[in-house]
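Since the structure comes first, as structure tokens, the remarks are kept for the end.
Chains here go by letter, A, B and C, matching the order in which they are written, and residues are numbered from 1 within each.
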Amino acid sequence: MKYIIYLVNGISLGSVYAIIALGYTMVYGIAKMLNFAHGDVIMIGGYICFLFMSKLSFNPYISVLIAAIGCMIVGVLIERIAYKPLRGANSLAVLITAIGVSYFLQNMALLIFGPNDKIFTSVIPNYPLNLFDGQLKISLESIVTIIVGIIVMILLTLFINKTKIGVAMLAVSEDKGASTLMGINVNKTIALTFAIGSFLAGIAGVLLCSAYPRLTFTTGAMPGIKAFVAAVIGGIGSIPGAFIGGILLGVLEIVSKAYMSAQLADSIVFSTLIIMLLVKPQGLLGKLNREKV
Amino acid sequence: MNRLYNKKFIDKSITFLMIIFLYVIITLFDKNVSSLLRGLLVQFCVYSIMAVSLNLVVGISGELSLGHVGFMCIGAFVSAGFTTYMRSVLNVESIFIFIISIFLGAFVTAVFGFIVGIPVLRLKGDYLAIVTLAFGEIIKNILNAIYLGFDSKGVHVSLKNELQLGLESDGYTLIKGPLGITSIPHYSNFLIGVILLLIVIFIIYNIIDQRTGRAIMALRDNRIAGESIGLNVTKYKLIAFTISSAFAGVAGVLYAHNYNNLAATGAKFGYNMSIMVLVFVVLGGMGNIRGSIISAVILTLLPEALRSLQDYRMLMYAVVLIAVMIFTNAPAAINFRKNLKFGKGKLKDER
Amino acid sequence: MKDNKKVVLNVESLSISFGGLKAVSDFDIKIYKNEVYGLIGPNGAGKTTIFNLLTGVYRPDSGEILLDGENIVGKDCVQINKIGIARTFQNIRLFGKLSVLDNVKVAMHESYKYNILEGIFRLPNYYKKEKDMDEEAIKLLKVFGIDDLADVISTNLPYGKQRKLEIARALATKPKLLLLDEPAAGMNENETKELMNTILKVRDEFDMTILLIEHDMKLIKGICERITVLNFGSVLASGNLDDVLNNEEVIKAYLGA
């Protein structure tokens, strides 16, 4: 029975990674940049939710919404201030800037909230489900997280494929120049991508902190990097790829923690990335881009 | 053309003279040097070597490595393992052992750099950054988990605890998991640090200013044009990355032998430290060797000298990274500076 | 007429398609030694794609490319350059942060070799090869009249001189065939005239064979003996300049428009 619990926990953690990975993959697909700060937006989401729920005693669900909207604003501001001036610059400069932004967010949080961990109260009531006469205990948190992951995935796919704005996003990811000629406002589309990605990061932040309640200024860093790994494994730029990659990575992490070594679980996750890049550099569902000559 | 050569020669000489001058001044006024500064002298050299070697990848080759400290960590553990073993088990302690350990550290780190570099440098884009970051974390995690000991039966390794090594009574545990290596011989000093720094700079300058370096920089400036004139991208990127890793290993050797104990803690060998070295490079100017050294020294000294700044240090680094990047790379900023130059009549566009 | 001359490039039924769209189909061309050959056609006709196929940026779906009788299909850019094709780019691609001299020297890396250690420790071989390289590079820059700018950073060169430097760099790899992608783009009339002279000078001094893409008909008429007109990825007409330009289909499809 134990392995079912591991599997459920893995899929649950994987859903969080998947939601974060969606943000990475959308931004990479459309702005062609690795938004290193995406993981730290998660942390911001955690702090905002904590602030409203635990300090200001707001309703948990309203706090989640405020957190997501707060992240959305932060995401758009980051894009506007740090990334937009660098559009068209070489990718190394953009990447270093993104690292700077990541660092900036972490250290702002450190200055504002201090170095001590905050204990995050879960937004989901602690209500374990007992199955098979109590042999199988699954927390409600895991179930809710998985369901949220699936809902996000479905809504996002519908949004991209069925709405005019979504199709514009697809067009920009294919060809910025041609999209401009077709009357698409590329700047607005990129800003919107950051808004959606960061909104999702806010939700992911709350879910992550509900499962792992220690909230500190580096909370987002490791999950962020792992979610990026998930996006690469799934195929960067691909939305279903990000989801599959996230789930795979979550399960892999939980299983290696349980059966191999808790200390080396991260190493196993990262080694998977290196192996993946060796075997199939475009990822599971990605495509290789050809540079125009 | 001769003008060009003279300019290069003068530029290099300034760097060497600057370091030697600083060394002489500090040594002459040794009695007046505060204990704070004295404790930092070897660190200056360590971080200067780190910055200069990272510059070879970031500034000269145009790739981003976020695991530079991971390579330093390998150099530190390999060399400290060697010298500590020599002293504790074989009772040999000599500067020659240290010199061998420098080569050993550099070599093993270079091998790691080569192995990590092969798959990644074949890919385009931001993969090197993320894989080197992952690699740095893997190294740190493994070195925190590993126990390694010797006895008459040979080498024992465990990932659980010291007891699991099952050493004989004559056994000796070299690496003790999270405690790392203890009682390392203290070989490093300011003079050795400065000599190593000078050697590293000499080599890097002479790599940049030759056939191989030109090819590396050409591929940085335009990969497609580089291929069109027959430059092998993977080969040259790999050369830069491997050499850079080897020098990070040398910095690790110097670092390890400056303390009694060596542990792969996040504070010393984590991702944050790799970012710090990146800040040295970016602030000193990408591709500018002297700049890397100056910013490494100043940014190592500043937070120690002004303790009150400690809290804001990382925040300042972040702002520096963003501001320097936007100022030097944003198309609008570049045009602005170009117009400024044209205005002064420095350049005439004949069109 | 050209029977006694050596064929440098022989391309037969070259085709490639991207996502079902035929970008180039059944393209043939035969270029003789010392020729200046023109490739013209409207935008999107597939001219640059052909350059990319010849230099190994793309791999053709079918067809043969023979350079001096050697089949180069399936080889990559680096190998093809070593075998003997060098090119320039429509949007100039210089090594922007390197000096003009270094832009040329880096292209000579195959002809003047010394290993990395000889370079680090400045052994005699380093000095000898660098000196030879400098001399040859300056000689090459002189042909283009930019030798006095040798130590200028290449990105600071005026546009016309950047184009010249790109040609010089391509020549420095000692190719058998030189491909020029719209060399006169963005140049005024005087500059174009100067460029025409330079191209002919390059052919004569370096014994070079040149294939060039160009929109500027004055340049084509001025220096090309034979041309090929490309339309929608296939050859509309090819042969002697005058014959092709008087071809009714060409006039209808392209020039007459």
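Methods note: a residue touches a chain if its C-beta (ideal position, glycine included) is under 8 Å from a C-beta of that chain, and two chains touch if they have at least 3 such contacts.
Keep in mind the model is a prediction, meaning the values are calculated, not measured.
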Original post:
Using the mean of all protein Cα atoms as the middle point, what chain has its own Cα mean nearest that point?
Top reply: B
**OP:** With chain centres defined as mean CA positions, report which chain is farthest from chain A.
**Re:** C
Subject >> Separation of chain B from chain C, taking each centre as the mean of its C-alpha atoms, in whole Å >> reply: 42
Original post:
Any idea how many Å lie between the Cα centroids of chain A and chain C?
Top reply: 47
**OP:** Report, in whole Å, the distance between the mean C-alpha point of chain A and the mean C-alpha point of chain B.
**Re:** 31
Subject >> Sites on chain A at which at least two other chains make contact >> reply: 293
Original post:
If you look at chain B, which of its residues touch at least two other chains?
Top reply: 224
Original post:
So which bits of chain C are touching at least two other chains?
Top reply: 57, 89
**OP:** Report the residues of chain C in contact with chain B in the complex, numbered from low to high.
**Re:** 55, 57, 76-78, 81-82, 86-87, 89, 93-99, 101-103, 105-107, 109-110, 112-114, 116, 119-122, 126, 129-130, 134, 138, 150-151, 156, 158-161, 169-170, 172-173, 186, 188
Subject >> Touching residues on chain B, where the partner in the complex is chain A >> reply: 58, 62-64, 66, 116, 119-120, 122-127, 129-131, 133-135, 137-138, 141-142, 144-145, 159, 224, 271, 275, 278, 282, 311-312, 314-315, 317-322, 325-326, 328-333
Original post:
For chain B, which residues count as touching chain C in their complex?
Top reply: 1, 3-4, 7, 203, 206-207, 210-215, 217-218, 220-222, 224-232, 239, 287, 347-351
**OP:** Mind listing the chain A positions that touch chain B in their complex?
**Re:** 33-34, 82, 85-97, 99-104, 106-108, 110-111, 221, 225, 228-229, 232, 261, 263-264, 266-267, 270-271, 273-274, 277-278, 281, 291, 293
